[in-house]
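Naming follows writing order (A, B, C and D), and every chain is counted from residue 1.
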Amino acid sequence: MVKVGVIGASGYSGLELMRLLARHPEVELTAVTSREHDGRPVGAVFPALAGIVNLAYTWPDPDKLAAAVDLVFVALPHQAAMAVVPTFIAAGRRVVDLSADFRFRDRAVYEAYYQAHSAPELLGEAVYGLPELHREAIRAARLVGNPGCYPTSVILGWAPLLRAGLLDLDSLIADCKSGVSGAGRGLSLSTLYCEVNDGFRAYKVAEHRHTPEMEQELGGLAGAPVTISFTPHLVPMSRGILATLYGRLSRPAAAADLQDLYADFYRGESFVRLCAPGALPSTIHVRGSNYCDLAVRLDRRTGRVIVLSAIDNLTRGAAGQAVANMNLMLGVPETLGLEVVPFLP
Amino acid sequence: MVKVGVIGASGYSGLELMRLLARHPEVELTAVTSREHDGRPVGAVFPALAGIVNLAYTWPDPDKLAAAVDLVFVALPHQAAMAVVPTFIAAGRRVVDLSADFRFRDRAVYEAYYQAHSAPELLGEAVYGLPELHREAIRAARLVGNPGCYPTSVILGWAPLLRAGLLDLDSLIADCKSGVSGAGRGLSLSTLYCEVNDGFRAYKVAEHRHTPEMEQELGGLAGAPVTISFTPHLVPMSRGILATLYGRLSRPAAAADLQDLYADFYRGESFVRLCAPGALPSTIHVRGSNYCDLAVRLDRRTGRVIVLSAIDNLTRGAAGQAVANMNLMLGVPETLGLEVVPFLP
Amino acid sequence: MVKVGVIGASGYSGLELMRLLARHPEVELTAVTSREHDGRPVGAVFPALAGIVNLAYTWPDPDKLAAAVDLVFVALPHQAAMAVVPTFIAAGRRVVDLSADFRFRDRAVYEAYYQAHSAPELLGEAVYGLPELHREAIRAARLVGNPGCYPTSVILGWAPLLRAGLLDLDSLIADCKSGVSGAGRGLSLSTLYCEVNDGFRAYKVAEHRHTPEMEQELGGLAGAPVTISFTPHLVPMSRGILATLYGRLSRPAAAADLQDLYADFYRGESFVRLCAPGALPSTIHVRGSNYCDLAVRLDRRTGRVIVLSAIDNLTRGAAGQAVANMNLMLGVPETLGLEVVPFLP
Amino acid sequence: MVKVGVIGASGYSGLELMRLLARHPEVELTAVTSREHDGRPVGAVFPALAGIVNLAYTWPDPDKLAAAVDLVFVALPHQAAMAVVPTFIAAGRRVVDLSADFRFRDRAVYEAYYQAHSAPELLGEAVYGLPELHREAIRAARLVGNPGCYPTSVILGWAPLLRAGLLDLDSLIADCKSGVSGAGRGLSLSTLYCEVNDGFRAYKVAEHRHTPEMEQELGGLAGAPVTISFTPHLVPMSRGILATLYGRLSRPAAAADLQDLYADFYRGESFVRLCAPGALPSTIHVRGSNYCDLAVRLDRRTGRVIVLSAIDNLTRGAAGQAVANMNLMLGVPETLGLEVVPFLP
């Protein structure tokens, strides 16, 4: 059994990592850290895990943790993540980092949207952990920058069209909707039940930090710089992201061609499901799983292609994808521990 | 007191009409009809209205109803509405029709999206009941076609920009999100609690019948034909619509200019509130009221204007707007009976 | 117009008071206070109220406030309330206090469950503000202790049976369920959306501080000490309380007798609605209103009477009842400003 | 691999059975039936299961099904179930029936609450499928009557106290709250999203058919007839039951004694978790799992014991318990295929 640890395991991503790792057949979860809950049993903090994760939280000491595990998941906020990752790498441990700190190839872009980077020497080797695009590099990586939730839904949604050169690159709009867990487990007026329930709103219009992350990967697919409009919205539900993606066709194509394009692009992928023509994805059909469900529609009246992409923001958008990346790094089947059936109703 | 009736008062729009009319100081609600509930007290069907609406449902007999009221609200499905409206008009009664049957100036457009029109002779005089655009015509109208919920949010959102000629007309995308009451009170698997709760999805992508209705009014504002992409989505909440509207500027403009444009366009309007710069609307802030809350944002990176428009689909998107139209037709203040404070939390 | 103020108007009860007072025909809301929001317009803090409550928050200075208003609503936490109430009383202002500080006739009971009382000299004259029980005293009161939300639902539910001496006093169990707004608008992990959504739980079993408040009034109705079991639960909804009340009949009675008893007891009451035999109340039927909907059922197999009592915790359970008390104190109709139609769906 | 089938697999219990059986390591799901969906792939009816359950629905033909499988789950409504079960038994197939038809030892009780029994000859051998009470009998059974959802939560909650003789048998009240999936997937006004959302109500007060089922098992535990009051309520959530159980101690006991009693009674049980003193269960902590979480509290003021019992109505209350019963019947570990981690948030 491979020994793994989670640093920063008191938030929703950490909880989801524990949910998945607790039942993984090839790894043993041996350490979870939390400053706030240091010393408390996991089952006392999350009664859902009582009798399942029989560990107590420890204080996040990177040196100790590096000595105890083979691979570590870093589920800390950005900035805090890059403060600890070099310790693990130096100790020869492999790392899947769920923050934004190692997702960018261009340090300047990171620093324009976040802050000064304290471990820029690792940016060159960090791999963007989207298996469908970078599977081979992930297998060999010491350090994986696990993608953001919105970028995962958007990049998977547009990848086939962009690689085929079928989209006008200045026509791209990503209108995305997320459940509330994406905002984390910290105390905030805006995520109180009564502030969210039975309401719907946009936030950070044209200024969300996931924009450059998307543009990096979309540009790589297109082979040219891409600038998009991205609007996030908050949905009164706990989990799930639906991305509605608009783009204008750069040359004529039939609806059936688009369907075939997607079927070909994702043939053999375990975690992408293409909806049958006429069907549309729903976040509820992927809830709790690592699936990304996709549909592609042609709007003949306007010449636009509209792609719908649904994921669970905590699973495919965070912990599930992190486990898939770990599987690739360990050389075990990518789906191991991720055979969770979507949870419905 | 003006006597009014509601034909088709067993659905959510009918319920909302009763909620508003029951407290209206200048009208008396004297008749409500329902085939299903014929003879039952309203308070037995909707216990919320017990002791408030002290009427029993009657069978929908247009002749009888025309004899009993001065003005009638028709809250029937399309096709059923146009079957009864001519009777009221012939009897000299004024009509606010909440269906799609009298919203279109061009019969061919209606028939392309719905079915053959059985009362085309009335299309010429029917007025599209959006007070901010057609207030004077509404005052004089015998027949008002009350706007659809999505069109209300979209047209109010884009009106200032289109009238100012500031948008590329082939760049318009309306990504809209609605609460479940928009789907009505009929039995349907897709609106069962467990099918909706904690999920989010799009539906009728690029094929919803509100599209030509929007295009008629948007074209009127622009002075030229307009073709848009419109995508509706279902939000797990009972009420509310948020429209996220994308368009490319046809000539450069500053964010402050756009804010001023909106402030000027809606100056003096009782039911449109412009968010302060930096603020964004939420459906929860207009819930139960006739307000449309708007924000306009400039995305400098892409040259797009993004407008956010929030309404309550049952109030501003149906019954509230119908009451405002009635007020105009009766020559009383437009806000009468609509001073409802948004309901929060 | 009578000038009124709300001290502590940044929470949900304060918001609900503003919602109701903004449309009250006989009062003018002239001052609202908040330490946190001092100087900010109400419409900036609660965009729902933009254009409706055109006031800015002020710092809570009891002397200034006493000089500016005729009557004040105190919507502060217990302990903070009794620190300011004497100032208003001394200045000759009338007070409706929404905290627990002036609900108890017996100082020792208050101090056993809360803390030392800092204004015990006012306990003797403070009136428990449940109009159905204490209407005449409220009319004359300088100081009204507005009932708690759970006690309102429970006391109204059992009052007819207790006054009739029909219940075994040692058999009483109140199993109550509340929406989340009852927990207030403060930051708390337990009221975050993702912690509440799609879950249900009890809390403070056999130890909630509303217990002695209920027992005081229930004992008054019974003419003898009453000890009950009270269990509160948290429902994933914003508003509403349903109380399920169990008691054993002290002497045989028929179901129809019980129905008549309730109809007689509440005859003429504007804000109590008795469900027809066979019907049951739902919180959604009273949402946003001052109604208490009641049903009484006889369980013949066990000899128990089961009463169902539904209120809106923010309206009847707090701000609506406070406005009704103000109306009584001012000598205007009890229903003024409270003709709000329950908000559904 | 043992071949299993599900007859009636289009409802929520059938869906949950498919979710669990699809990943069960010792069985192969080989047939699922539905009249409505005959011939359609499961993944077309439930897109959540696309790529996971690769079967098409077949018409429910008991003879054919009996020939194809070793064990069958009957997930039909009562009355329909007993029409097909004898065919499977006669063919030598073992059956787990999720309806009420084979839960009663006394035919007269069944017939008083349901209808005439068409297969009374099987009542004698059918075993009530609550493993904690009847594990050995289940192992040997040909036919298991899988418990109702409410009875599972109530019986597990009271079992230790009743077996210890610690409760006054005429003092028992079960106040239970269930998510909406308990009402099934059929079309019904009362389970539409807008009718349920943000509301709470009781239903079938003192007349629900789960009452005699509870009394049968509670009486068995007590060694004497038991009559209870049972009140079900509808919670706006998809899944989960919380039972709040009241009873008076028949002799004095300390809180610590009660805690020990429960710990002893359920020692070694895989699917019952006793909350630590001071903690209370929540439905969200058992969601999607086969756990029953319990807490026991002493109300010293009244001498009552209050037990809180939380289950997932579709897993422990239906499909999960059915799979546990199957495991026992097959002689494999009871937990096989049920190691699902509770799904949170």
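Everything that follows uses one rule, which is that a contact is a pair of C-beta atoms (placed from the backbone, for glycine too) under 8 Å apart; a residue touches a chain by one contact, two chains touch by 3 or more.
Note that the structure is predicted; figures quoted are calculated from it, not measured.
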item	value
Chain pair with more C-beta contacts, A-B versus B-C	A-B
From subunit A, the most remote chain by mean C-alpha position	C
Separation of subunit A from subunit B, taking each centre as the mean of its C-alpha atoms, in whole Å	39
Distance between the centres, which are taken as Cα means, of subunit D and subunit B, whole angstrom	46
Length of the line joining the C-alpha centres of subunit B and subunit C, rounded to whole Å	36
Subunit C: positions in contact with at least two other chains	12, 181, 194-195, 197-198, 236-239, 281-282, 284-285, 287, 345
Of subunit D, residues touching subunit C in the complex	170, 173, 175, 177, 179, 194-195, 197-203, 205-206, 227-229, 231, 233, 235-240, 242, 244, 246, 280-285, 287, 295, 297-302, 304, 306, 308, 310, 345
Subunit A contact footprint on subunit D (complex, rising order)	12, 15, 19, 22-23, 44, 46-52, 181, 197-198, 238-239, 273, 275-276, 279, 281-282, 284-288, 293, 339, 341-345
Of all residues in subunit B, those that touch subunit D in their complex	12, 180-181, 185, 187-189, 191-198, 236-238
